[in-house]
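For reference, the structures are reproduced in the following blocks.
Below are two complexes that have subunit A in common, paired first with subunit B and then with subunit C.
After this line comes the complex of A and B, so read on.
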C-alpha cells in the first residue's frame, strides 16, 4: 500500500494496527512528517497497541486549515463539560499518565456533572432532559474519538484522540485537576 | 441499477411528450391528427432554432445554408420533409416579399412556441400558472392592467390550479405509480406558486377591495393544489421506500425521505462510501473555560443575626441623657464664668489656668457656643498673646457673652470674621 493511501486509511479508521514490517512503519512516519503529522503510539484500555495520526508539535488543526475552518468543529459547552467530567472520572490519579486511564460508568460521569452544575431547571422532567442531553454529548464524544467506542456495558473510557494531546496540554489539565467535575466533590 | 435505468427509459419523456403536445395543441387543432407523432419533427424545429441563434443570420439564411447548419443535428431528409411546412405555416418567413428573394428568417412566435414546448417537457403546465400570476402582479403594480383583465386572469389561474389539483389527486388515487413518476418534475414549484398567489391577492385586496372574495378562492385552490402535491409526493415516497429506490427522487423529495425514512434505508446509498471520522477541536483551555463558565456560584451565607440586646435601659435614651447632662454642665460652667453678668473676658483665666485647664476651658466654652440651646456666644480677638514663660504660651483673647434670641445662632465662623481665628 502506498504511503499516502496508508495515511488516508489511518485517517479514516482513526487507529490502525502496528505494522509488522519496520520499514512499513518508517515509511508511514516519513509520509506523516511530510503532511505535518506524526505517528502516535497508543495503547487502549485493553492493552492493545495501535497507531494513529497526531499533529507535529509545531502544528495544530487551526493553523493548518486556517481559512478552511468549516472542516473543524468547535465543541459545545455541554460537550466540553461532559469531557471534563469524563477526564476526571477516568483519570483518578493525576500523577499517572492521562491515557488510557481507567474505565468509569456513564452514571458516574452524569452524577459528577449534576454535582458540579447543580440542579438545572425545576422538576424531574427537567433533570431527565438534561441527563439525556449529556448522554448525547457522551455519544458525540465517542464519535469524535475523545472517548472510546461504546462497548455496550455503559462504561466510559478515554479515546485515542486524547493520546494526541501534547505534554503542555496534559500539564495544564494536571495543574487544575481539582477543578474538574468529580463525583463526591464538595461544591460548598 | 440496470433495472432502474430501464424503468427511467420506459417512463422518460419521449413516449409521453407527444401526448402532452397533442393535448397542448388540441385547443387550436383542426383535426385529431394535427400533431405529428414523430418526435423528429420537433428536433428539426429545434435545429432550425439553433441555426438561427448561433449563426450570424442578419438578413436571413438561404435554404441550403439552413440545411447545412441543421445537418449537424438532424438528417437531411428530415429537414427537407419539414421545410415546406415550416414556410407554409409561417415558422420560416421570407426576408423580403419578392419572389426572387430566397433568404428566410425564423418567426419569433415560433421561438416562443419552442420555449414553451421545452418548458412543457421539463416542468409541465404549472409553470404557466406561476408565470401568469407573476405577470399579473407586475402589471397590477405598474398600473398596466384593467380590472376586467385582472378578474379574467385570476379566474383562469384559479381554474388551472383546480384542474391540476384534481389531476394530481386522480393520479394518486387511481393511476399506476409509473405515471406519478413521469410527472414528478412538473410540481416542484409549489411553494413558489403559493407565495406568488398570496402576493398577488395582497396587492389585489389593496387596489380592488371588492375582489377579495375572488382572491380568497384563488388562494383556496392554491392550497388545495399544494395539498395535492404533498399527497402526490407521499405516494411516490411510499413506493420508493418500499422499493428501496431513492435514485428517482428530486431534491425536495429527498428531504421528505430524510424526514420519514429509517436510518438503515438512508444509509444504503452510502454503503460503499468512505468518510473521514468527524474531527473536533478541543483544548484544555476550552475545557477549563467551560468549567469556569458553568461553575455554580458559591452559596451565599447570610451573616449571623446579631445577638439579642440584653434587657436593660434603652441605649438611645441613655445617649440622650448624656447629651442633656453635658448641656447642663456647659450651661452651669458658662454661668459660673459670667457670674450673673452679661459678658466676661476669659483671657486672664485661660492664662492663669494650667495647660490642661486652659485647653478644657476653651473647649467647653466653644462647645457651649456651638450648642444652640446654651445661651452664650464667644468672641475671639485677632490678636494673640505670647507668653513663653507662662503655662499657656499662646493665647487668643476670648470674651464670653450671654446671648439671647437670634444671637444664639452666632457661631465660631461668624465670630472669626469679626475678631480672628482661635488657635489653641
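After this line comes the complex of A and C, so read on.
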C-alpha cells in the first residue's frame, strides 16, 4: 500500500485500527515521517486503541487556544465556552489524563453552561433559544473532532482530536480546572 | 527531523513550510497567498506541495488563495474502499442541496457556469421537505453535513459549505457531471459525459476505474 494512500486514509477516517502486523505499524511511522507527520496512539471512550495522524513532534503549531495559530481561533465564544464545559464534564479528575475521559450527557453540559453564565435573557423562550444555540455548538465541536460522534443517546464524549493536544495545552487546562463550567455536584 | 524534503532547508524555512502546511490542512476558508511566506514564495510553495503529496494531498488554488485537498487518484482509491464516504441519506440530502442551489440555477443562467460551488442560490429547508425524504432524515442529515462543513446555512437557506473549496478541478467536474446525469439522464450532455467516461475507462489498463461518485468522499 502506498504511503500517501495510508496517510490519506488516516485523515479521512480520523482514527484507524492498530495494525496487527508490527511491520505495518513501522511502515505507517515511516510514511508519517516523510510527510513531517507522526502517528499518535489514542484510546477511545470504549477503551479501544486506535491511531491518529498528528504533526511532527518537533513542530509546535502553538497552543490550540492561541490567537496566532490555534485552530480554535475562529471558533465562536459560544463554541469555546461549550468546549470548556464538555471538558469539565468529561474530565472528572484533573489528575487523570484528559483523553478519553468519561461520558457525560448533553443536559449536564447545558446545565453547567447555564450555571456558569447565569440565565441569559428573560423568560423561558430566551432560555430555550440559548440552549438551542449551545446544542448547535456541541454539534459544531463534533464536526471538529473535539467531541466524539453523536451516538444518538444525548451522550457527550471527548473526541480523538483532543488526544493530539500538547502537554502544555493540557497543563494549561489543568491549572484552570476549577474555572471550567461545571454542574454543581462537580464543584470540589 | 528526518523528513527529506525539508532537510535541504534552513530551520527557519522548515518552520515556514510546516506552518503553511498545517494551516492549509486546518483552515476553513482559502488562505491568501500573502498570509504565509511558504505560500508567497514559489520555491517554498513547491516544498509545501511535496509535503502534502507525501500525505496524499494536493495544493488547490482557490480564487488566488490556497487550500489543501485529496489527490484525485488517492480519493478514487478511498472511495473504492468506502473510506470517508458519506452515509446514503447524507448523500441524498446533499444531492438535493446541490441540485437546487447550484445545478438548476446554473442551467437557468442565474449563476455563471465557472463559478465556485460556494457561489450558490440558497435553497430553503421547505423546498427540501417537498421530496420523498422524511423530515427527520433531512434534519439529521443536514446536522451532520453542516457539522462537517459540507453544507452551510445562511439566512436565505442552505448552500454548499466551505469544504467544497477543497475539491480539485477534476473532482469538481466529476461532481457536476453526476448532477447532470441525475437531473437529465437522457439529455445530450449526459450522453457526452457517458461517452467521455467510457473512453477514459478504456485508456486505463491498470485496473483502476474512473471515479463515478462526486458527493462521496470527505474532502
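Observations, loosely collected:
Note that the second predicted complex is superposed on the first by the 169 of 188 C-alpha atoms of A that agree within 3 Å, B and C clash if a C-alpha of one lies under 4 Å from a C-alpha of the other, contacts with A are read in each partner's own complex, and residues count from 1 in each chain.
Everything that follows uses one rule, which is that a residue touches a chain if its C-beta (ideal position, glycine included) is under 8 Å from a C-beta of that chain, and two chains touch if they have at least 3 such contacts.
Predicted model only: the values in this text are computed from it and were never measured.
In the three-chain model built by superposing on subunit A, subunit B clashes with subunit C.
In the superposition on chain A, A:142 contacts subunit C only, with no contact to subunit B. Within the superposed three-chain arrangement, the count of touched residues of subunit A is higher for B, of the candidates subunit B and subunit C.
Once the two complexes are laid over each other on the shared chain, residue contacts for A:83 go to subunit B alone; subunit C is not touched.
After overlaying the two complexes on the shared chain, residue contacts for A:4 are found with subunit C alone; subunit B is out of touch. When the two structures are aligned on the shared chain, A:157 is found in touch with neither subunit B nor subunit C.
In the superposed pair of complexes, A:117 makes contact with subunit B only, with no contact to subunit C.
Within the superposed three-chain model, A:134 lies out of touch with both subunit B and subunit C [touch as defined at top].
By the touch criterion defined above, A:34 lies against subunit C but remains apart from subunit B after alignment on the C-alpha atoms of chain A. Contact with subunit C, but none with subunit B, is seen for A:55 once the two complexes are overlaid on the shared chain. Once both structures are laid onto chain A, the subunit B stretch out of 45-53, 81-89, 117-125 or 261-269 that overlaps subunit C is 261-269. Counting contacts by the rule stated earlier, residues 11-13, 61, 71, 74, 143 of subunit A appear in both its interface with subunit B and its interface with subunit C.
By the touch rule above, subunit A contacts subunit C in their complex via residues 2-5, 7-9, 11-13, 31, 33-37, 53, 55-56, 58-59, 61, 69, 71, 74, 139-140, 142-143. Chain contact summary for the complex, subunit B toward subunit A: residues 274-296, 298-299.
Put simply, subunit A touches subunit B in their complex at residues 11-14, 61-62, 71-75, 77, 79-81, 83-84, 87, 116-118, 141, 143-146, 161, 165, 169, 172-173, 176, 179-181, 187-188.
Interface residues of subunit C facing subunit A in the complex, by the touch rule stated above, are 1-6, 15, 18-19, 21-23, 26, 28, 51-57, 70-71, 74-75, 77-78, 81, 83-84, 143, 146-149, 217-218.
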